[in-house]
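Next come two complexes built around chain A: one with chain B, the other with chain C.
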Partner chain A sequence: MNQTTNEPQGQTRGGRTGRLIAYGLIGIIAICLFFAPLLFPDVRSQEVAARICIFIVLVASYDLLIGYTGIVSFAHTMFFGLGAYATAIALKQMGPGWDAVIIGGALGVGVSVLLAALVGLLSLRVKAIFFAMVTLAAASVMAVLASQFSDFTGGEDGIIYKVPKIFSPATKLLTDENGKVLTIFGVKANGKMAAYYFVFFGSLILYFLMLRIVASPLGTVLEAIRENEMRAEALGYKVVLYRTAIFCIAAAIAACAGILRAVWLKYTGPETTLSFAIMIDILLMVVIGGMGTMTGAIIGATVMSVAQFYLKDLMQLASEATAGIPLVPDLLDPDRWLLWLGLLFILLVYFFPAGIVGTLARKGHHP
Partner chain B sequence: MKSMTTLVERLGGINLLPVLLAIIALVLIGSPSTWLTLTIAGLSMGMMIFLMASGLSLVFGLMDVLNFGHSAFISFGAFIAASVLAALAVWVAADSVLLNLLALFAAISAAALFGLVAGWMFERVIIKPVYRDHLRQILITMGALIVAEQIILAIWGGSPVAVPRPNFLSGSLIMGDVTIEIYRLFAFGLGLVTYMALHAVLNRTRVGLLVRAGVENREMVEALGFRIDRLFIGVFAVGSALAAMGGAMWAGYETLITGAIGSEMMIIVFIVIIIGGLGSIEGSLLGALMVGLMGNYVAFLAPKMALASNMILMMAILLWRPYGLRPAVK
Partner chain C sequence: MTPASLRIEDLTIRFGGHTAVDAVTCAFQAGELTVIVGPNGAGKTTCFNLISGQLRPSAGRIFKGDRDITGLSASARAKAGIGRAFQLTNLFPQLSVLENVRLAVQAQHGLGPVIFRRARSFGKLRDEAYSFLEATRLAGVAAQPVSALSHGDQRKLEIALLLALKPDIFMFDEPTAGMSVDEAPVILELIEEIRKDKAKTILLVEHKMDVVRSLADRIVVLHNGALVADGLPNEVIALPLVREIYLGMPEESAA
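What follows is the complex of A and B.
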């Protein structure tokens, strides 16, 4: 992993126009997400909006590892899952209350950090490529354990539970003079809205925290390690400790994202938190948005989440249109959408390794 | 204490680890006949895992390329073997051992041939543009793995595929209390033959000498005028063929395979090459045997911990030897 990648320079030196476009896009996305309950009141769009918020955090925390420090981990869903499962189990066992969310969440974050420190110290001191393998193994072991210890985790079915009362749809968040739920632009200000804003502001705080980390001296050291590990070590920075530290931080943030996910969905199962498909989603989002840029996480997560919903519809049409030809309908089946995303992913890594944000930033640099 | 250490070294040093594992298991299990059945199952499983792991380990040792898509060859090997066996159902079910063998031979060689050709193409198209760039290697081979798994799902469908087992390999030998599945003995034998062939090629031939030299120090061999990159394509293709062969054997062992077979095995393969150390087939064999034995013993003692136990084994060995037991590259 000593190889220097040239995408970050594009971002730091980057051209004005491209960056303006990127920031414009982010502004639009931020406004849409902030007003999502009013702009897109239907259930499906709400799900997409909340998913985008959570995945922005998840992808940005993953980017701390892959983009800023240059280490590839496949255990990010493990920490995400730990956060979600700990919250879910606490809510199930202790009943719906804030104490359950706080205790469960704290436990999830604590276990994540501990596990991250263990894995990091064990495998980050040798070749970074070992780390990719060890994390992949650890994540799949965790997934298997979660499905086997079904007394706690509900196995493949997952856990359904109640969340604190303020988030239930029957709660009146704001009331008009008649004591009924206040409607703003035809949308009821009920508990669903409260849940959405809990997710939104939770994500926002975590995102700003990461922006702060990246801008701090720690962030600079991490970039130095990515660019030249030997030189960073020679300058007196303990590379293993820094790498382990950022791995723990990323794990903690992923676990926090897991808490948000658990509270939003009122359901936690392998499919929504631990599965390898989510890891692939995160990888795709990071690469699409642009590695080594915090802004890339926002664009990557949004583009992928929206595309996932519409690509499947599009493929359904294409599959029906080609029904007569052998094998083609099978390849275009909506269940095969990962195939096309995989191809897209390979092409992106070949031709646009800098992702959307990185490419935009460089475009202005070389007009 | 010192004489103890030299005694252990003389007996084989770390090569004794699987034996140690077996002895501990004997104490824990108690019943010798159960223990023997489990040990044979573990050894044959280890041999099949060795087939899958050795190629990956050599490829990494030679060119510093880690192929996350390696498991795609395992899955393709398994499914191709299943299809060939299904197509030759008459031979498979026949009473004649010769016809049985022919069908089996056809299935395994079809898988290996596919691995050879696909491995060569994979190297040219996917790996070549990203030599010496680990980050993009991991990403691109991961992307290739996703695509390959989806192609398997598109061709063979999502439901499990049954793998017919040749007549003479089904059933088991019964000696006293000990039952041994014949297929396991066969898998063990085939794995052992492959290992010995690989060992002979690497240690007795000129090509093997070059491969070993390349693992040791690539630049030096290149400076002496040898084309390591060409050698590498060969090793990659052979490694992929071995993986496909291992997949084919595994399909016969499991008798019911799903599209998830590749990713399931990949985790075990990774654990094996981390335990064994990258770049050496001896290390892969050692790691594979340990993982196979451990998996079977623990599956008997505490079924839920089977995969986790291998993970713990890996962690323990990483603590003890961060580069694995017998690494050829550091």
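What follows is the complex of A and C.
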């Protein structure tokens, strides 16, 4: 059965080119991320690339909730933080071994799932707005706890720790015939590269897992719940259980993203995982990319992260280039970067009301 | 005597001061097609909502066979074999037609929680979903989102979902309302098909008197929430009370 025969011609063609553009962008981003250590070897770009990988996972897992199932939660950074802090504390207390990463990570994921199940079963049956409030409260409590138990968590300062030896910059990942660290295109194949690929492949696995989930029979049930909760129930689906299940799954994935973040940064503090600013970043990324699209997470996380890291530089250049003209350099002053970021966001939302991927692809109506 | 396949006892629901269903007692047998008639606002749909679990009764009990199902949730009742098509189209608008039916098929097979397999790789689910689309003449629009469908097609999809659940008890709420003259017979044939299976119980709310006459084994009349008549079609239609109730009805129904 030809799935396009029934659609009006114009819409099909528009949707198809849009989809091609979206997939093209994603392909380019994927290649850039895969070769990031070679293409962008400077420290700052490495930071950005790793952050993009981790945020793709974080945003996609949040999209499972908000875009696919229609659950509004503000507790996503709580689970992210639990994964990161558990790993960080284990590495600090047990020393920089894989055992610490595994035990700490497992604890972080386990606690996240338990907490998600508790919050979910207690409050997912009530009104969406009430649930959102409960998650907000839980996230605030977690942030307070993290700063109160400073013996463990380092309080506002956070924790600095060592990570497994393979990730230390002195480690020779590959060696040349002289026993020195091998350089590929002028880039050292050292522990830093190993750490990046740990983050990259960790994120890739988690992302594919989520693609699998949304394509599964359960994925369709989630969308059904978003579309018409009462009818899903009338077909025999226990809506509360499905909601709680996906809330737990999303929490577990966010916690895994937290593990990656903790290992990559060698530092965990409120600002890197628990802060509400991150929750807002996640929300903006989901909206920019497109809710309920999965691929939107890739574009949303990339656009936002690149803008956050490079807009200032760009504006510095622009304001220097326009130095002769009155007023313009002032407007382009790097200190005003947040203003421009806000403007960029408004423009994106205006031109891509369903998010970049959502608007370009118009959601393919696959059978 | 075997127990009735569905039995309601003193079923009552009040909305504020208004009693929408008023102490209705009635039993439905397997192999029987009962048509429920009554003027607008008589409480027919509300009665269905009580039976399929969308609403909780203020008083009264509901039994499926011997089992008291009054306390069960809507999803548990669906699993227990009570299937329902809605009067007002009640679907998943952004999902495709095929996905809508597949949701019902996978619910019936208990495959909702399957998470690590692609839904599209389940040939069985897909084929079965297609068979219901063919039965309701919807195979041609399988890939379209429900929101793009005509009203008549949405009504047919509503029926396809009910068929896909393979219930013991079928509840149709004005299945042909809003359908064109050539679409309605498809649905009526499907209902005829279901009633051939003598293990099934069919409840049908219908206004059109020609349809009522041709299908009903039995007619139940609701008026102001109360059951006012229950019997064989000829007897019930002849009742003065029923004629009186129907006098104010639109022409097509009063026929």
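Everything that follows uses one rule, which is that the second predicted complex is superposed on the first by the 306 of 367 C-alpha atoms of A that agree within 3 Å, B and C clash if a C-alpha of one lies under 4 Å from a C-alpha of the other, contacts with A are read in each partner's own complex, and residues count from 1 in each chain.
Following the convention adopted for this analysis, contacts are C-beta pairs under 8 Å (C-beta built on N, C-alpha and C of every residue); 3 or more make two chains touch, one makes a residue touch a chain.
These numbers come from a predicted model, not from an experiment.
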| query | In the superposed arrangement, which partner chain does A:Ile31 touch: chain B (first), chain C (second), both, or neither? | reply | neither
| task | Could you say whether A:Leu20 touches chain B, chain C, both of them, or neither, answering first, second, both or neither? | result | neither
| task | State whether A:Asp333 touches chain B only (first), chain C only (second), both chains, or neither. | result | first
| Where does A:Gly70 make contact in the superposed view: on chain B (first), on chain C (second), on both, or on neither? | first
| message | A:Leu114 in the overlay: touching chain B, chain C, both, or neither? Say first, second, both or neither. | response | neither
| field | More chain A residues in contact [chain B versus chain C] | value | B
| request: May I ask you to decide whether A:Ile166 touches chain B, chain C, both, or neither, giving the answer as first, second, both or neither? | output: neither
| request: Look at A:Ala321 in the shared chain and tell me whether it touches chain B only, chain C only, both, or neither; answer first, second, both or neither. | output: neither
| Partner chain in contact with A:Glu227 - chain B first, chain C second, else both or neither | second
| field | Touching partner for A:Gly236 - first (chain B), second (chain C), both, neither | value | second
| Which residues would you name on chain A as touching chain B in one complex and chain C in the other? | 1, 3
| In their shared complex, at which residues does chain B touch chain A? | 60, 66, 68, 126, 129-130, 132-136, 138-140, 142-144, 146-147, 149-151, 153-155, 158, 263, 266-267, 270-271, 273-274, 304, 307-308, 311, 314-315, 318-319, 322-323
| field | List of chain A residues in touch with chain B within their complex | value | 1, 3, 5, 66, 70, 72, 118, 122-123, 125-126, 128-130, 132-134, 136-138, 140-141, 144-145, 148-149, 276, 280, 283, 287, 327, 330-331, 333, 335-336, 338-339, 341-343, 345-346, 349-350, 353
| field | Complex interface listing, chain C residues touching chain A | value | 52-54, 73-76, 78-79, 84, 86, 90-96, 98-99, 102-104, 106-108, 111-120, 122, 125-126, 140-145, 161, 165
| chain C touches which residues of chain A in the complex? | 1, 3-4, 6-7, 212-213, 215-221, 223-224, 227-228, 230-239, 242, 245, 363, 365-367
